[in-house]
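Heads up, the next two complexes both have chain A, just with different partners, chain B and then chain C.
And now, the complex of A and B:
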């Protein structure tokens, strides 16, 4: 366990040192990674500014969904996001084999090698936005906070499982950087109040494609709103995690040093 | 051009030969990118998904209002559809490409060619986008039309096509100009992504610009971005509303033409300045 922690810390230190070589680019990237994710917030603010609204949802409540999304992504992306890009690049260049020669599980090494602090901008942005929203909606009670903690953990697992699935897919779909875009478009469904979704889609968004678990459920917990169906969402999240691990191991076994 | 900004060979190529070179570059780029068709085909999923989300947002938020900023719900949904489709036509990565060439020193090869690099890059864009229209815009247009239940056809088709062509050129000019930052900064990826985000937002790719605060709009229309996408999309919807004035399609295209001309001059000047900084080792 100690060696695992030391390995992870080493990866984080290395990731930070790499980006510190060009600080201007790093800080610009930190801001832009946050800026890119603020698009749903901008859309929401402009809609409300023009007299439109999501029925039954106040502006700060909607922004809280997007802030929670930012926080979860701001934790999951620095840890696991780089793995997708790195795996894709290593396979394209033919250097993925180096991971297989090392005395640790390739998945662990792929995670350690990929820490990228530029996504931390999302976490800081998400925290600041959440604080602004909660100032307007009221401080949550301990029970709400506990429920939020549980659902936020589910959200992190969902992010991790999604990123792992993408890292697996790029083993066979070599060099396709647009897989992130595909993920963003699907996740976008979970960055607005569920009232935008037609009823049948809303059920699907809990299970088997639990997009509502990204941010809508944890934010609803903080707001004291209904979190019906959270168990289904949690179950399908863990099923997705199991599936992504199976997929990674299966594709790793099929890996033939020539792009899968 | 050499490092003092003088033309080495670019102007020696006759206009007809330049056109032939442009066509040849476009053709080669088409062939090159056809090999990556699965990369472009991702748009068949991401494009409709983006449209569906926007369509659901408009449906949910406009339940109680008839029209917002002069646009009814159907107009807003059509706006999102046209913005998405026009985005495929004007999309550009000349900035990324130029910065990569400068950073790696490969820009030197272009200085030795008898064709100025902006023209070379424009030829690449022609080929790349022609393929994208075939592989991305046409199928997504079909899917969006199917979702809407009727064929999505722009109003003033000819003016829309002309405006889109100007938007295509303007997007290239603006992007290439922002790519010139690579001559001053060794690693300019962060700045490039900042500019790209601001460019798309201020071009009206996500929401009609009339949704932006009124005090900000006069400044916004002084920038080139709204003329890239917002103007063609509003022509497709029937009328172009700029700062409370409703322009006809020909008036809007004429204004767009003037903006494009201005940016051609700006780009020519700034490219000369940038070339002087180039040392074939990252600038």
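And now, the complex of A and C:
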């Protein structure tokens, strides 16, 4: 366990050192990424500013969903996001096999070697927005915080599993440039209150495509709102994780038995 | 002495997608794909003793890299067995096996482009879980041996190819591997850098590391390897010493003669003129057809010899002939 923690820390340090080689690029990217991710918040503010609203949801409550989404993405993307491009690039360059010459699981190495702090801006942005929202909606009780902790963990697993699925897919679908776009379009649904979805689709958004677990469920926990169906969403999330791990291992076996 | 590698009937077949170049064929391939089996490695068997230094030679696409990838645990073979270091099947026990394996690729870097080598070394320490005092001691030794103190804190992208290659070696040796795979380790290096790398390889081998070297640079082979394995069309075309490789196409000598009245043609059976250059004639002598004694006698009758040197033909010639002959048959 200590060895694993040390490896992760080294990965984070190496990722930071790599990005610090060009500080302007790093800070500019950090701000641009944050700006792009704040777009849904801006749309929400414009909607409420023009007298429109998501039925049953206050402005700060909607922004809290988007803030939680940002926080989860701000933690998951630096850890797992870089792996998607890195895997694709390594396979194209023929350096993926170097991972197989190390005494660790290639997936762990792909994660460790792909830490990208650029997305940390989302985490800080999400934290700031959450603080602003909670000032208006009230401080959550310990039970709400505990429920949030659990559902936020599920959200992180969901982000991780989704990114791992993408990293697996690029092992065979090398050269695609739109895989993140595809993911963003689906995940976007999880940044707004579920009232935007028809009832049947809402059930699907809990299981088997648990987009509501990205942010709606943890934010609802913080707000003391109902989190019905969270267990189905959690089960779907862990099923997706199992599926993505199986897919990764299957494609890795295919890579090493087909000749790289 | 125990065996570093025992390879039995190793084969690897790839399925390669084939289609024609016309629009019709391209469209058809969307619905129906044709695959062709490519036998990259066929029935390769060999043994390597611990502490050996073996060079793998072969033309591009001969199957060297595929063989080495299977021996290092990267690829699974289609059939055959490998017993590595007396207890590992590389592709089955990859994680444990690669703890004892180091690799340097002349064309694939393990360093990180934007950060100094020091950072990549630290990362490798964490990956191999090397205790800190052991790491410090090994690093200090490698830094001194490879003379890389000056570049340890410089971003990798600012290093020369020679400096980078020395750092690649340090990185690959930090976990003290007993089996070292080197894939064209001197490619693109200047003479001085090549000498440094060759001296290091020699030193490592003398200290007991088994080295498997793949290269197209025959100077590497001549200066380092005691044994050569030539792979061609997926099979072993020759497995033997450098002398066996030279003798494969007959016992030959190169003779350089300086003479003011050297004839334009030489009609001695078993003697070919290789070139005329700078007042010298270079001849190749097939000793099976013409003894050295007989050649020297005939030469002195033919012209006035001002200077004469005799040496072995370049290794390139034997290798070129071997690649051309391409008849798979092990001689060892």
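Operating definition for what follows: the second predicted complex is superposed on the first by the 255 of 260 C-alpha atoms of A that agree within 3 Å, B and C clash if a C-alpha of one lies under 4 Å from a C-alpha of the other, contacts with A are read in each partner's own complex, and residues count from 1 in each chain.
Throughout what follows, contacts are C-beta pairs under 8 Å (C-beta built on N, C-alpha and C of every residue); 3 or more make two chains touch, one makes a residue touch a chain.
The structure presented is a predicted model; accordingly, all values stated were derived computationally and were not measured.
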(request) Overlay done on chain A, so just call it for chain B and chain C: clash or fit. (result) fit
(request) Could you tell me if A:80 is touching chain B, chain C, both of them or neither one (first, second, both, neither)? (result) neither
(message) Just to be sure I read the superposition right, which of the two partners does A:230 touch: chain B = first, chain C = second, or both, or neither?
(response) neither
(request) Report for A:178: first if it touches chain B alone, second if chain C alone, otherwise both or neither. (result) first
(request) In the overlay, answer first, second, both or neither for which of chain B and chain C A:100 touches. (result) second
(message) Touch test for A:115: chain B only (first), chain C only (second), both, or neither?
(response) neither
(message) Just to be sure I read the superposition right, which of the two partners does A:18 touch: chain B = first, chain C = second, or both, or neither?
(response) second
(request) Tell me which of chain B and chain C touches more residues of chain A. (result) B
(message) Please compute the chain B to chain A to chain C angle from C-alpha centroids in the superposed arrangement, rounded to the nearest 10 degrees.
(response) 90
(request) Return first, second, both or neither, reflecting whether A:248 touches chain B, chain C, both chains, or no partner chain. (result) neither
(message) Per the contact definition in the header, classify A:7: touching chain B only (first), chain C only (second), both, or neither.
(response) second
(request) Could you tell me if A:214 is touching chain B, chain C, both of them or neither one (first, second, both, neither)? (result) neither
(message) In the superposition on the shared chain, how near does any CA atom of chain B get to one of chain C? Answer in angstrom.
(response) 11
(request) Kindly list the residues of chain A that each of chain B and chain C touches, one partner per complex. (result) 22
(request) Would you mind writing out the residues of chain A in touch with chain C in their complex? (result) 3, 6-7, 9-11, 13-14, 17-18, 21-22, 93-95, 97-98, 100-105, 109, 113, 253, 256-260
(message) Which residues of chain A touch chain B once you look at their complex with the stated criterion?
(response) 22, 24-29, 31-32, 35-36, 39, 42-43, 46-47, 49-55, 173, 175-179, 181-182, 185-186, 188-189, 192-193, 195-198
(request) Provide the residue numbers of chain C that touch chain A in the complex, in ascending order. (result) 12, 14-15, 40, 66, 69, 72-76, 91, 94-96, 98-99, 101, 103, 105, 108-110, 112, 114-115, 119-120, 122-123, 125-129, 155
(message) So in the complex, the part of chain B that touches chain A is made up of which residues?
(response) 38-39, 42, 45-46, 49-50, 53, 56-57, 59-65, 68-69, 185-191, 193-194, 197, 201, 206-207, 211-213
